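Two complexes are shown next, each including subunit A; its partner changes from subunit B in the first to subunit C in the second.
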Partner chain A sequence: MFNIDFTGEFVAFFVFSVLIISGAVLMVSFTKVVHMVVSLAAVFIGVAGMFILLDAEFLAFVQVLIYAGAVSILMIFGIMMTKHQDSGAERPRTLNDTLSAIGALALFGILFYAIRQSDFPEPQTVPDGTVDNTMAIGQQLFTGYVVPFELVSVLLTVAFIGAIVLAKKEAD
Partner chain B sequence: MGAWLDETLTWGHALLFFLWGVILLMIVLGFVTYAIFFERKVIGWMQYRIGPNRVGPWGLLQSVADITKLLIKEDTIPRKADRALFILAPALAYIPAFAVLAVIPYTNKLYFADINVGLLYYVALSGISTIAIILGGWSSNNKYALLGGMRSAAQMISYEVPLVISVVGVVMLSGTLNLRGIGEQQGDWFWEWNFLPQILGFVVFIIAAVSELNRTPFDLPEAESELVAGYHVEYSGFRFAFFMLTEYVYVYAIAALTTVLFLGGWHAPFPFLDWVPGIIWFLLKFTSIVFFLFWIRATLPRIRIDQLMGLGWKVLLPVAILNVFLTAVYMELFIK
Partner chain C sequence: MLSSYLTMAAILFCIGLYGALTKRNAVIVLLSIELMLNAVNLNLVAFSKYGVVPSLTGQMFTLFSIAVAAAEAAVGIAVLIALYRARGTVNVDDYDEMRR
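Right after this comes the complex of A and B.
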């Protein structure tokens, strides 16, 4: 099981895994909201690193740009702008904790079983690392998926204008 | 890079990566030291002063003395600050600033990482510094620092949008996000470089870049007259030095990026000047952009906070989008 080549890829995988797991655990265990957002950002960056290891550079840097950058900043802004409790109130809820622990363990068991049971078929056409996957994504978006793509952009525009209208109404 | 990543990671390779990193770090530190010195000198000359001239010959050691002072100063952390984030913020600001330098090609042969989404990499990582600036401002537990951090974040987010959209035209013309490819495709004559065909994009890019750098006329985050010093008001010594370093490393990065994207990178302005090595041309263009940044700092007044957001969203963004549209029309009519 441990006959792995000690390659740069393996080292990077290890580093990113540690980043993701520790970020996720810290996110849950921190009490201050801002600290949680920072550890969440660490998880996002770790996931982006995983995308790079899978030869999906475009996805990786979009992940950093949107999630680690924009979403985290938005969350921090939201936390700072609103009047928030500095740290969440700690209430002893033994029954609740026990139940959620059982639930989490069961979920882990199911996922682990499913991953171990399923076999991953080799893809028919193996994309090699030299293919410019940015261009491939662009071509797919504007040929095969052009209608969903346009619908998404309309949806975002509607949401954007709606947010402005709502904010305007509150301001008046 | 990809090939080396798949090979066995021997100590030799690791040492090689590390050494190249250290060499780049040394170059950048040298640049920052003398950029600060020349900034003070240039502004001094423009304002009919002499500028620093006491430490060393012609004042050349002034920045070295300043940095030494910063390093041996007492490192204070306010008692009510959020200690962990206060310590984390300067490092978090600096790491992306240094990491973006990896994708900058200096000549056709001299570059660190040749990744096919280089431009996106730059934009994505530089966004992380914004988080660090807000965190630094927030964790200081000081109202001026918080105001500075908020202003800075608002400004960096609003100007990142036109900055990214203004380079879309360049990406469309070159058909790649790889910075080396973009540099390579610009022609031998200087009017074939991207700054003339993409003149709208170039202007938007320069304005948005100056704003991203938080430099005059967009230095509202650290407007001394209103905010004491902005987000780093509680920082001193080494940690303060890191924020300053970040700022100047971004000057280096933006100047290099402008050179590669718009000013032809390592190409000579005329084909008959090809015998001069590419790195010299790169350095010449790079230095003129750095000088340009100092020049506008010496001559322009600071913009007002209520005009700042208006300029970003109502002027630069539509112009940048118009530039994308015009480029698309041009390509459809003349290139296809």
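Right after this comes the complex of A and C.
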């Protein structure tokens, strides 16, 4: 079950896991919201590293650009434009918090049990690492996934125009 | 190695769930939801390499889910700013019109 050989992939996986878990735990334990966003950026970068380990280089770059770049900055703007001085440090632990912790732990227990119980069959075909990941994704995107791709572009346009309209100050 | 990635994603998802349920600042709740989306993306990419039939489909799904998540974050922040103008707070406990 835990027979792990210390390959380079395992060492890199361990490093990125420590980065991700420490960032996420710090995120839920910090009291200042700007610190939370910075630790979240560490989590996003760790996930990008895991994507590189999984032979998804293009997705790793997309992750760094969209999440660690755009979403983090967007959230910092959201924090700066709203009131963020009151930290929740003095707020006592409520029953709601305890129940949430129990629920999250129970969900993790179920997931962990399911992952450990199920035996995953070995991959039938070994993917050759010689194929250019970005080129393969581009070919897929413009052959098999043309309709979803165009729909996503429409969705992004509508969403961003909608965001501007929503956040615009109404003319008095 | 596949089960390690799946366990990692489960940990990330549960921390995100806990944050989304307990945090009071609405921006942080949005960030926790992004954390949960990231965990799901990690699962998809892990199965695209270590699944029974390795293919690019998992990575394509992740690409689309990242695009939708970016749109969701932008609209969420815009709604929050509009809500902040109307109510003067970002504390989710104060948004309680529906149960009064």
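Here is the rule we go by: the second predicted complex is superposed on the first by the 149 of 172 C-alpha atoms of A that agree within 3 Å, B and C clash if a C-alpha of one lies under 4 Å from a C-alpha of the other, contacts with A are read in each partner's own complex, and residues count from 1 in each chain.
Please note the rule applied: a residue touches a chain if its C-beta (ideal position, glycine included) is under 8 Å from a C-beta of that chain, and two chains touch if they have at least 3 such contacts.
All values reported here derive from a predicted model rather than from experimental measurement.
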- Task: Put subunit B and subunit C onto subunit A via the superposition and say whether they clash or fit.
- Result: fit
- More subunit A residues in contact - subunit B or subunit C: C
- Task: Check the residue A:V154 against both partner chains and state whether it touches subunit B (first), subunit C (second), both, or neither.
- Result: neither
- Query: After superposition on the shared chain, which partner residues are touched by A:L166: those of subunit B (first), subunit C (second), both, or neither?
  - Reply: second
- Check the residue A:T134 against both partner chains and state whether it touches subunit B (first), subunit C (second), both, or neither. first
- Message: Let me test your reading of the model: by the given contact rule, A:V62 touches which partner, first (subunit B), second (subunit C), both or neither?
- Response: both
- In the overlay, answer first, second, both or neither for which of subunit B and subunit C A:V146 touches. neither
- Looking at the overlay, what does A:E9 touch: subunit B (first), subunit C (second), both, or neither? both
- Message: One more residue to check, A:L105. First (subunit B), second (subunit C), both or neither?
- Response: second
- Task: Determine, under the contact definition given at the top, whether A:H35 touches first (subunit B), second (subunit C), both, or neither.
- Result: first
- Message: Just to be sure I read the superposition right, which of the two partners does A:V18 touch: subunit B = first, subunit C = second, or both, or neither?
- Response: neither
- So after superposition, what is the minimum Cα distance from subunit B to subunit C, given in Å? 14
- Contact residues of subunit A, present in both the subunit B and the subunit C interface: 9-10, 58, 62, 70, 77
- Message: For the complex, give me every residue of subunit A touching subunit B.
- Response: 5-12, 32, 34-35, 38, 41, 45, 57-58, 61-62, 64-65, 68-70, 72-73, 76-77, 80, 129, 132, 134
- What residues of subunit A sit close enough to touch subunit C in their complex? 9-10, 13, 17, 20-21, 24-25, 27-28, 33, 36-37, 40, 43-44, 47, 50-51, 54-56, 58-59, 62-63, 66-67, 70-71, 74-75, 77-79, 81-84, 88, 91, 96-97, 100-101, 103-105, 107-108, 111-112, 115-116, 120-121, 123-127, 133, 136-137, 140-141, 145, 148, 152, 155-156, 159-160, 162-164, 166-167, 169
- Message: List the residues on subunit C that touch subunit A in their complex, please.
- Response: 1-8, 10-19, 21-25, 27-28, 30-32, 34-35, 38, 41-42, 45-46, 48-54, 56, 59-60, 62-64, 66-75, 77-82, 84-85, 88-90
- Would you tell me which residues of subunit B are touching subunit A in their complex? 2, 4-9, 13, 82, 84-85, 88, 115-117, 120-121, 123-125, 127-128, 130-131, 134-135, 138-139, 146, 150, 153, 157, 176-177
